[in-house]
Amino acid sequence: MSEATLERGINALKEQIDAPVAAFFSSCVSCGMCAEACLFYTETGDPKYTPIYKLEPLRRVWESEYTLVGKIKKVLGLNKPVTDELLQEWQELLYDSCTLCARCSMICPVGNDIVYMVRKAREGMVASGNSPEGVQGAATRAVTIGSPMGVKLSALEAQIRHIEADSGLKIPMDVEGADYLALLSSMEIMNFPEYLEGLAKIFKQAGVSWTLCSTAFEATNSGIQIGSSDIARTLVQRIVDGAERLKVKNVISPECGHAYTAIRWEGPNLIGRRLPFRVIHILELLDELRAAGRIKTKDLETDCYTFHDPCSIARKGGIIEEPRRLMNMVTTNFVDMKEHGKMAWCCGGGGGVSSNEDADSLRIKAFKRKRDQIAETGADVLVTACANCRLVIEEGLEEYRIELPVVGLSELIADHLVVDEEPPETPE
Amino acid sequence: MNEPMDFLIWTRGTAFDIAVTIFVIGVILRLFEILALGRKQNLAEPKGSEFGPGMKTILTRSIPDLGTFRRQPLTVVAGYMFHIGLLVSLIMFVPHIELFRATFGFSWPGLPTPIVDAAAVLAIVGLLAALWHRIMNPVMRKITTWEDWLVWTLTFLPILTGYLAYHRMVNPYPVILGLHILSVEALMIAFPFTKLMHTFTVFLSRWYNGAMSGRRGVES
Amino acid sequence: MSVFEQKGSEAVSNRVMPGMTHNTLPLLHEVRHALERLLRTGDSTIIDLRAIPFGPGDEERLLSLLGEGEVVATLDVLGRTTVRESRFSGVWIVDHYNSEAERIAFQLEVIEIPALLRAQTEDMNQSLDALDSVLNTETHGPE
Amino acid sequence: MAENSTLGDSLRRHGVSRRGFLKFCTATASLMALPPSMVPAIAAALERARRPSVIWLSFQECTGCTESLTRSHSPSVESLIFDHISLDYHHTLQAAAGEAAEAAREAAMHENKGNYILVVDGSIPLGNPGYSTIAGISNLQMLEETAKDAAAIVAVGTCAAFGGLPQANPNPTGAVSVSDIIKDKPIINVSGCPPIPTVITGVLAHFLTFGAIPELDQYNRPKVFYGQSIHDRCYRRPFYDKGLFAETFDDEGAKAGWCLYKLGCKGPMTYNACATTKWNQGTSWPVESGHGCLGCSEPRFWDAGGFYNALSVPISDNSQTVAFAAAAGLVLGAAAAGLNYKTKDEAQKAHGTVTIDDLEKKS
């Protein structure tokens, strides 16, 4: 059995450095603009949260391993080495104070994709044993139990029974040959079952053939959050296996940010081949159904609604217009926050921060940014499309004693769905 | 006795050859070093293309995001002043164009010297503002290394000496012209091995950024 | 067309860009200030035109702008010297030539009367002697 | 030979009136590039000026400096000065030759010990004394001997002042300037290839008038003549500022009298009086004639890059340097790329799969 050591950490960083990383470090002129894009800096004013500063360990490895001057410095003993102490100190910077929101990547004047590098730097942190305990726990539960929150299939089945009993809708499980395989996040199973119910309602109305999978229902990927491709691969493989077993054509990523990143963007690269199915986010699917006229809504709200863009879905996933079109299906009074879409501010809990107890108080501080953004809109209801964002925002609002309903966009669509009057029957 | 002219001849001769050689070798070497690290083939189904958005970001990143600009206008304003001032003085001043023509065999029309002069002042003011900002701003202080001070100095000196030489404020002229050329040589020698390389790698960085976002259907 | 079109310099001045005044106008400004100073304080000014970097046609243009005044004097002393008042009273053009008719000095004098036109004390002393000797001769007859 | 009468006496003896004397002083002030306000001081000084002895030595030179001087306006007001100096030795100009000439030199040195002016043109070879000798005496020996009792030395021409053409790379004769050898005498450098004749006479006039050397610049050149650059006094300067340049010697720009910077004019680095004093009795000067300044009054002008290359163009062939460096860069870059590739490849091979069992540090 191997174990986490500094050497393995440094080796992991060496593996991770590629041409973009080298170009990024070569380009940085220490202008500090990235700090202004980072809510951990803007809300605390502490310069150590400057995004590019968080990459110092990775930068040192790049310099001494991959540049002429660095190699010479190393031979002469003039280089600044990466030590265990350094990595330990940087744990806070690379985990507690980074949600992988990628806002810094959007504003860096020289075009450095900083979050791309943070994701890579975390590989070295994991390999050297410097990832935070809370995230380690989530990853361990995800691998051993099947879900970072420890949700087992039995719990899901119990929820399905509840939903079916309450709504009279059928939740299909392990249906081979279904068009769509729906994934869930543990939070949706435990905290927001209305998502699954909404899904069943919409798909029934739209005539979508879909299923859940008993061996691959968990969409989240703690490997992505902790920053270990090896662990992430194990988790993605389960979904790929489940989807291939059921021979589905599409896999639906749920209302969860990083799950989309994990399956949609990292998945094929982790398992080393193109996926034999299409990965689609639930918002993309709903928008497709809307465009095809397969779903319609009624009784539009007149209250002011605003939408929080989950970073992984909007800035890192390109799903920006879809939720806005969907929002206009449920309210006549949709107001965007000043900075939204690709420039949206993070809720403060992504990238594993919400499962990292060390970061709790910092996360609450950072939430001020979102709190003020929401307040500025004067909205009565906040809508989002990520269970993690939703939970983090709810917690944050509670912390600041603000009463504001936070709902998922899919269930909102389901609530306003025009359902044709026809005798209940199972599809096919 | 003959020092000023000896100095000028040395800076225009041997020293220039050395500096150009190191500069050219260094830049090529550094670009090879970077590109050799490669980029893994991306197997994820693309939502958009890479090349076009990459090229687009090379241009669009020159325009700051409005919200961020409001938070830190000085960085942007000083950056613009310096870069525009430097670019105009570097490539629109006729003596410089003559140097490029002698090197590459082609040239372009220059600007009247009072305009170039104003550009140089713009660059100097921009650099001084950037220096002040680097000293005063806590974020910049935190992330500034000795290399940043070095690079600032190496950039400032050619513009300052160029300004002094153009205005003939130091006598004899060969001394200040020689110092101007020498400071440029110092800049060229340090260039490939410091973050001055961003002059070239910024195109790589912005392209990668734009391409990686573009692939995911995001305009970066 | 060109403001430089003056006699004798067409060949050069036609090629000079219009509006390129070289040093003519700055010089004329200097003359103006000198004249003002002369009126105000009585201080005269002499400008050595050979120390001014004239371009082609500049001298002609300057002379044309200064024009011809009321006084013209010619001195025959170690070669010819001409003293001409310009059309601006108090501004004199003094041109010195040597015995080979080559210019050896060329000045603008801003003064009531150029010093060289005055009779010099030493010369008047000599003249006194000479007059004495003439009177002596006329009175007493040649020796 | 020098005599004891003053210039004032001498002129009066020639029947020159006070007016004539004043005109002479005006011309002298103009010649020395001094302001007209100096005329009374010059008049007072010239009244008392005594006739100095001048010894002129020519070493490694082309006689261009002497030509320049003798082709200057003659006879003229300068000739009055030259009437008044005693040119006791000049082996090109004097009638005496051989032993008689050398005897004249020695006599002048002896009689005017400590008071004569030594004028030198040409550089001095240090490589082999045989490169240049006069009457069997090496240049170095003659210079040291003659300089010993001189009141001041005027180094006429760039060769004497700075080494000039003989010193140009690779300097086969080991040529040096006067000031490289003589360290204990006041030296006035009148550089130029050749110097402007009136500048030579102007310097001599200054010494004659005031009995002292004029104010000098850092190259020991009289500031009145070398205080400003050609560029600063050039009548074409406005074109430089406006960005109007002649591209070739026969284009419209050249015909319109535009700036010659691109055609190699070294005016910006050259300090001389050409733009005001001009040549050939004030007729014209190189830039006015349509050719850029060569920089001939500056040290090592011969080695300072092509005459027809702009001052900003490097002395050696830069495109060749860039081409060679690019070729070397490709080779070294490929090597560096290989090293990086290898380092990364090794790191990837050394990858240990991370499992949940090794998330925690064991230590």
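By written order: A, B, C and D. Residues from 1 in each chain.
One rule holds in what follows: a residue touches a chain if its C-beta (ideal position, glycine included) is under 8 Å from a C-beta of that chain, and two chains touch if they have at least 3 such contacts.
As the structure is a prediction and not an experimental result, all values here were calculated from the model.
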Quiz item: What chain is most central when centres are computed from CA atoms?
Solution: B
Practice problem: Sort out for me whether B-D or A-D is joined by the greater number of C-beta contact pairs. | Solution: B-D
Quiz item: How big is the gap, in whole Å, between where the Cα atoms of chain A centre and where those of chain D centre?
Solution: 76
Self-check item: chain B and chain C, separation of their C-alpha mean positions in angstrom
Solution: 57
Quiz item: How big is the gap, in whole Å, between where the Cα atoms of chain B centre and where those of chain D centre?
Solution: 38
Quiz item: Rounded to the nearest whole Å, what is the centre-to-centre distance of chain C and chain D, using the mean of the C-alpha atoms as each centre?
Solution: 33
Quiz item: In chain B, what residues contact two or more other chains?
Solution: 29, 33, 35-38
Quiz prompt | Numbers and ranges of chain C residues touching at least 2 other chains | solution = none
Exercise. Can you tell me which residues of chain A touch two or more of the remaining chains?
Key: 17, 66, 68
Quiz item: What chain pairs are in touch here?
Solution: A-B, A-D, B-D, C-D
Quiz item: In the complex of these two chains, what residues of chain B are touching chain A?
Solution: 29-30, 33-40, 42-45, 47-48, 57-58, 61-62, 64-65, 67-68, 71-72, 75-76, 79, 134, 137-145, 148, 151, 193, 195, 197-198, 201-202, 204-210, 212-213, 216-220
Quiz item: Considering the complex alone, what residue numbers of chain D touch chain C?
Solution: 16-20, 22-24, 26-27, 29-31, 33, 35-37, 73, 75-77, 233-236, 238-239, 244, 255-257, 275-277, 281-282, 288
Quiz prompt | Interface residues, chain D side, partner chain B - complex | solution = 162-163, 177, 179-180, 217-219, 229, 231-232, 240-243, 245, 261-262, 268-269, 271, 298-301, 303-305, 309-316, 318-319, 321-322, 324-326, 328-330, 332-334, 336-338, 340-341, 344
Quiz item: For the complex, which residues does chain A have touching chain D?
Solution: 1-5, 8, 11-12, 14-15, 17, 65-66, 68, 71, 126-131, 136, 139-140, 143-144, 226, 228, 230-231
Quiz prompt | chain B to chain D touching residues, read off their complex | solution = 1-2, 4-6, 8-9, 12-13, 16-17, 20-29, 31-33, 35-38, 94-96, 98-99, 102-105, 109-114, 168, 171-174, 177
